[in-house]
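One chain, chain A, appears in both complexes that follow, with chain B as partner in the first and chain C in the second.
So, the complex of A and B:
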């Protein structure tokens, strides 16, 4: 009995030190300081890397690595956003677990820190679950899918049956390295020969015999492809190119050049069926369709300053018997079946509307968190303030 | 003694009131033209209906760098006097040396040496217009941030010349002898027709009015009553052309033509009569708008922010002096003046809100005005509690500096711009933007309070322990306030982004900047609670808050990226760096060993974690 408690207390001693560190205010201060450094350098880095690369490297990572130009190695120089967020979260929970004692005086502090915990968890969930895409609609056009602006996919479309298409979409991550892709419904395999994350396509001149194309079939035969650095600008996107070799039971059918810049599908036949190949933005299909009726772009009188953008769309949902007009404008989105459609941009001389489509099941969390923190802060500080005034008046 | 105090206080305030209101009672210009009334005429520019006086001031500010022109022998030319001359007697205006060229490379490119001086008239620039345009076109092909100083200067010069040229062509074509009889002639001779050539107008006249329609800068012709839609305002040339095609000459065209001819002929009576007729017509059809334009023109004349700035300097001097002599009396003057200056500052702020129909902060300029206003308000609260001159001194300093910054930001032209579509929502402007800006204001105030502590403590022996303790309490309280508002403001920004773009947080530079302020304030509080810093440590940390806030307020805009960027402010960059360096130096001063300080602050009584937590 005695030895047992001794053992327990030894075990507790063993954990006590790390727990004390984990729950200390010192750790909080260090984490906050590191977070400031991370955010500061993450902001500066956006000038050269662009906002999307910085998000991945600085904020959605465990460590920020640095490598001298040209060197093949890299060292971690700062903890990344995920690591810092996790440590702060543990620190917060540990600190409250260690010192938790409910009293009226501490209600504000507890409330606000609970809000911060919720906020951190909410951001983690958003990072894991949110899906962002875009819907580009020309006036009069109908679509039932949105597209990921920075992700591509390779679509293999079986168009043999005139009544319907059968599509196999291969995500970008399978295309980035040389590999062989097999899919049970396809009578052939796809071999990735070369993948260019950003590229420039030029029509080959008649006399240019210099380097023959890697493509043996399709329009790619007459196109010269060169790799260019990935873009860092927010308003530009990479144009992916990929050389794909198709091989059936009977032998190789040839190599095609597929690229974002080649929007028309390229077709071939195999085992008596007709297939089309195309590289396109990754698609997210919806259970409903939107038609752009018209797009309006108001400007202030006598200027080019935009006053308002809005899209009038027709929402058709056969499953739920919805068939109605909706107006989507700046700061006034359409929310439907877990998706939110925001007016994001326009193109094509005000004839095309671009909608941002977001699905985020954790959307509500920041709202609750903000309310809790604000309430906690107000409670705590007004207690300080009233205490102070009372003391002065006494 | 005691009785004289309040009377003197009222004398000081009355004197300040006279100073503030004096511009309303100017000596009438000898010319006899009612130019003040002329300056109140409404025109449309950049989507907003504003008095001509505003157009005159902003244009002169862009072209000349000031709102008045200083002539020889101490005489001055007000903005509206200048604009009237430019519109109606351009020959004389072209002789005014109002273009400032300081860059020696620009001077050299135009064939001048430094000895040519820095002031040039349009007449002098005229032979070089082609060269200026070519050089500017070359420079404009270079990305804004990569331009050399010469390229930036020549582009600016080109923009100023272009603005001058467009202004000049807003009422009549320069060189018109008698605009009124031209218009009367037009009315007599033509038969309005949808094809202008068949109306009987001479090809030459048609070309001139088309040029006027294309080149004119502002829209002086209001909608035809009963229409009031701002889209219906017209340029002079457009209105004349629409008469040619559709008939019905707009009364405003006749009025402006009559004024132009009378002004050119030096005939004040006719000018004033035409002006007053037109004023009557406006009153009859646009009475609702006339109120706002009138208020704006008074606001322009009074320049409340300028007056407040001057009074803040006085308050600062009084408050600092109160630490040396006559503590009670000077302190009381400073405090009452602070309240007076705050009222003046508030009048300016609320007038702007009324004119714009917007919450207080809509752009960088108004954020500066609001930061100063909020800091002064908090300073008054502190002074109300402590009565030791610290609240007055610090608040007046922040008020002065922010209004000075606002003054420099106003050099780009109209500070009441229309809001772009994304930002066009009063609800979020009133909550998110105001909260974040209050966060800036209070972080700055805490930082400047800490500066007072460090400067007084290290350089003078005037900081006794009681004052030091009260300063520590002030800084702590203001940091709490700053944490609350910067946190709530930042999160509200996230929610706005979620509502408008579908993402709560995007690591945009401006968002990051706001988050840095939250984190820094949270860090100060946690370091204080954890006993990691004591009184002086708290002060040094609060000073660093100035750097964090100025980075968030200005630094991120200089990155020139992100949704929130206002454009590259090359001229402010060295100032920002200088400010940050000075703050670091003061932090070093604050960290010196205590025996090098002249005031014996922070004596041996150790403040443990528990007592701090319990007392704070």
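So, the complex of A and C:
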């Protein structure tokens, strides 16, 4: 009994100091100060990096790294958004654990803080798990997938079966360095020879200075590729190019140039099966399909100012036996199977509708958190109010 | 808390290779094809060549691209449409000439070439400044395509530094050839630069639709011919163009090519030689086998050698023969028009 108590006491001594630091108000102030610096430098960096790169490097990261121009190494210079958020969250929980004394008088405060903790957790989960993509539909067109506008994938499509295509989708991060990709369902390996994050393609015949092509097969043989700086503009998109060598058991089958700018798949056969290679925007397939029946775009009379735009779509889900028409308008999204389809834009002289597709498993958390905060505030103020009335009446 | 963090980091699915099955895709139109609607309602679709970077279409523009060379120079490509004839072909060519500080022209000259695309005539224009007009002492060049769709006129224009634009000539012409012009849409105007595709009907046969190349004249049809044309050249020279449709393989490609070779007093060839000498032209989903034959010496009353340019298409248990026969020089000069005619053919 005595040794147990002694051991517990020693263990507590061991954790006491770090726990004190984690629960201190100083840590809160330091974190908030660093968060201000992060926002300041992140805002400045948007000029050279663009908003999407800044989001990834400054806010959706553990550390912000810096490297001198031309150097092959980098050092962390600031904590990133994920690290600061996590530390603030731990700080808030630890502060409560250290000073927690439940009393009816503090019930409102506790509820309120629990709501804030939940809000932070919800934000962290949203940042990590939410998936945003776009669905572009021409009138009359049906699609069962949405696309990530700024993510690229290499799709290896086995088109041998007449009834379906089997797709092996390889995310961009596997393509960015020279590597070998082996996938058990494919009878060959893919060797990434060269990756260009943004590129310009010119027909070889028009560029006399072009060196010999790295591509030995497909349309890339006649195309000269040059790397250009990545775009930082919000309305432009990088055009990825990658040289991929295909090697089977019998030997190398050739090297293909695959690029966002080459939209048609390039095919080859291996082990009696026909495959297609294509670099495209990353796709997210759904268990259901949407058809754009028509898109309407109302303007205020006599002006070009949009008043309302809406898409009438047909939702077909064979699994759930759904077949119905839905109207998606600016403030009236379609929510189905965990996805939310917002009317986001239009194109092509009002013949194409662009829907923003959001899947966020943590979507409910901010609502619950806000409800808890509101409940906490109401409880706390009510207790004060009733206490005040009671005193007055006494 | 750390566990939540790392568990959710692991959930982010862009870190994994995924495998899935999807239904076969149907491709009703070319991938990455873009379309726009003109003021009079015609829908024009195009496909930009690889290497052209699409830009947001602003103001009058229905489409906008830039192309860069390795030195960082850029050329601008625009697609705009205006109602009616927009002043006419010559006025617009002279407008572009004025931009290049060139004197206006009074008649259609060599800088303007008619092309046949998707059943419509497009005027391809190429103009280069004769002195430096750009910053840095560089000459400027304009490539243009002017298309009348009935009710409106579409302008496709590339402009920029002389050499860069010249290097894009083939790409620009290919771009023009991808144009698909919506048919059957409302057209309100009456004035048009381009004739609508003529449609003739052969007796008891499905109608053949095509764009009539410049300088070709329609001729009366016969029981064999579903299309018949006369091409007039200089010094009264003429070439004959026939379109014939027969059921089945009609003897086969080799037999027909050897029959034409015989007409030109050339010795027959075997299947291998045919494969080596023939070209394939793909248009509107059809695969034409094209042969270009020329006699070794003038035949009968002809002063020049005789040339036969012919295309064979075997499709849906039918054979189609498009054949141009005439004096060597005239037929050679009509080769582009012949290919344009093939591309415009809508086989019923």
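Observations on the model:
In the analysis below, the second predicted complex is superposed on the first by the 332 of 394 C-alpha atoms of A that agree within 3 Å, B and C clash if a C-alpha of one lies under 4 Å from a C-alpha of the other, contacts with A are read in each partner's own complex, and residues count from 1 in each chain.
We adopt the following convention: a residue touches a chain if its C-beta (ideal position, glycine included) is under 8 Å from a C-beta of that chain, and two chains touch if they have at least 3 such contacts.
No experiment lies behind these values; they were computed from the predicted model shown.
The superposition on chain A brings chain B alongside chain C with room for both.
Look at A:315: by the touch rule set out above, it reaches neither chain B nor chain C. Residue contacts after overlaying the shared chain place A:174 against chain C, while chain B stays out of touching range. Touch criterion not met for A:22: it reaches neither chain B nor chain C.
Of the two partner chains placed around the shared chain by superposition, chain B is the only one that A:331 touches, whereas chain C remains out of contact. Of the two partner chains placed around the shared chain by superposition, chain C is the only one that A:183 touches, whereas chain B remains out of contact.
Judged by the touch definition given at the top, the superposed model places A:144 against chain C, while chain B stays out of reach. By the touch criterion defined above, A:293 reaches neither chain B nor chain C. Annotation: apex chain A, arms to chain B and chain C, angle 90° (C-alpha centres, rounded to a multiple of 10).
In the superposed model, A:51 makes contact with chain B only, not with chain C.
Here's the short version: in the overlay, chain B gets within 12 Å of chain C at its closest Cα pair. Shared interface residues of chain A (contacting chain B in one complex, chain C in the other): none. Taken together, the chain A residues at the contact with chain C in this complex read 82, 86, 89-90, 93, 121, 124-125, 128-129, 131, 141, 144-145, 151, 159, 162-174, 181, 183, 185, 200-203, 205-207, 209, 223, 226, 228, 235-236, 239, 259, 261-264, 282, 285, 348-349, 351. Those residues of chain B whose C-beta lies close enough to touch chain A in the complex are 44-48, 219, 229-231, 233, 385, 417-418, 420-422, 424-425, 428, 473, 477, 480-481, 483-484, 487-488, 491-492, 494-495, 498-509, 512-513, 515-516, 519-520, 522-523, 526-527, 529-530, 532, 548, 551, 556, 559-562, 616. Residues of chain A touching chain B in their complex: 24-26, 28-29, 32-33, 35-36, 39-40, 42-44, 46-47, 51, 54-55, 58-59, 119, 123, 126, 130, 132, 234, 299-303, 305-309, 330-331, 333, 340, 342, 344, 356-358, 360, 363, 366-367, 369-370, 373-374, 377-378, 381, 384-385, 388, 392. Contacts from chain C toward chain A in the complex involve residues 1-2, 4-5, 8-9, 11-25, 28, 31-32, 34-37, 49-51, 53, 55-56, 62, 67-70, 167-171.
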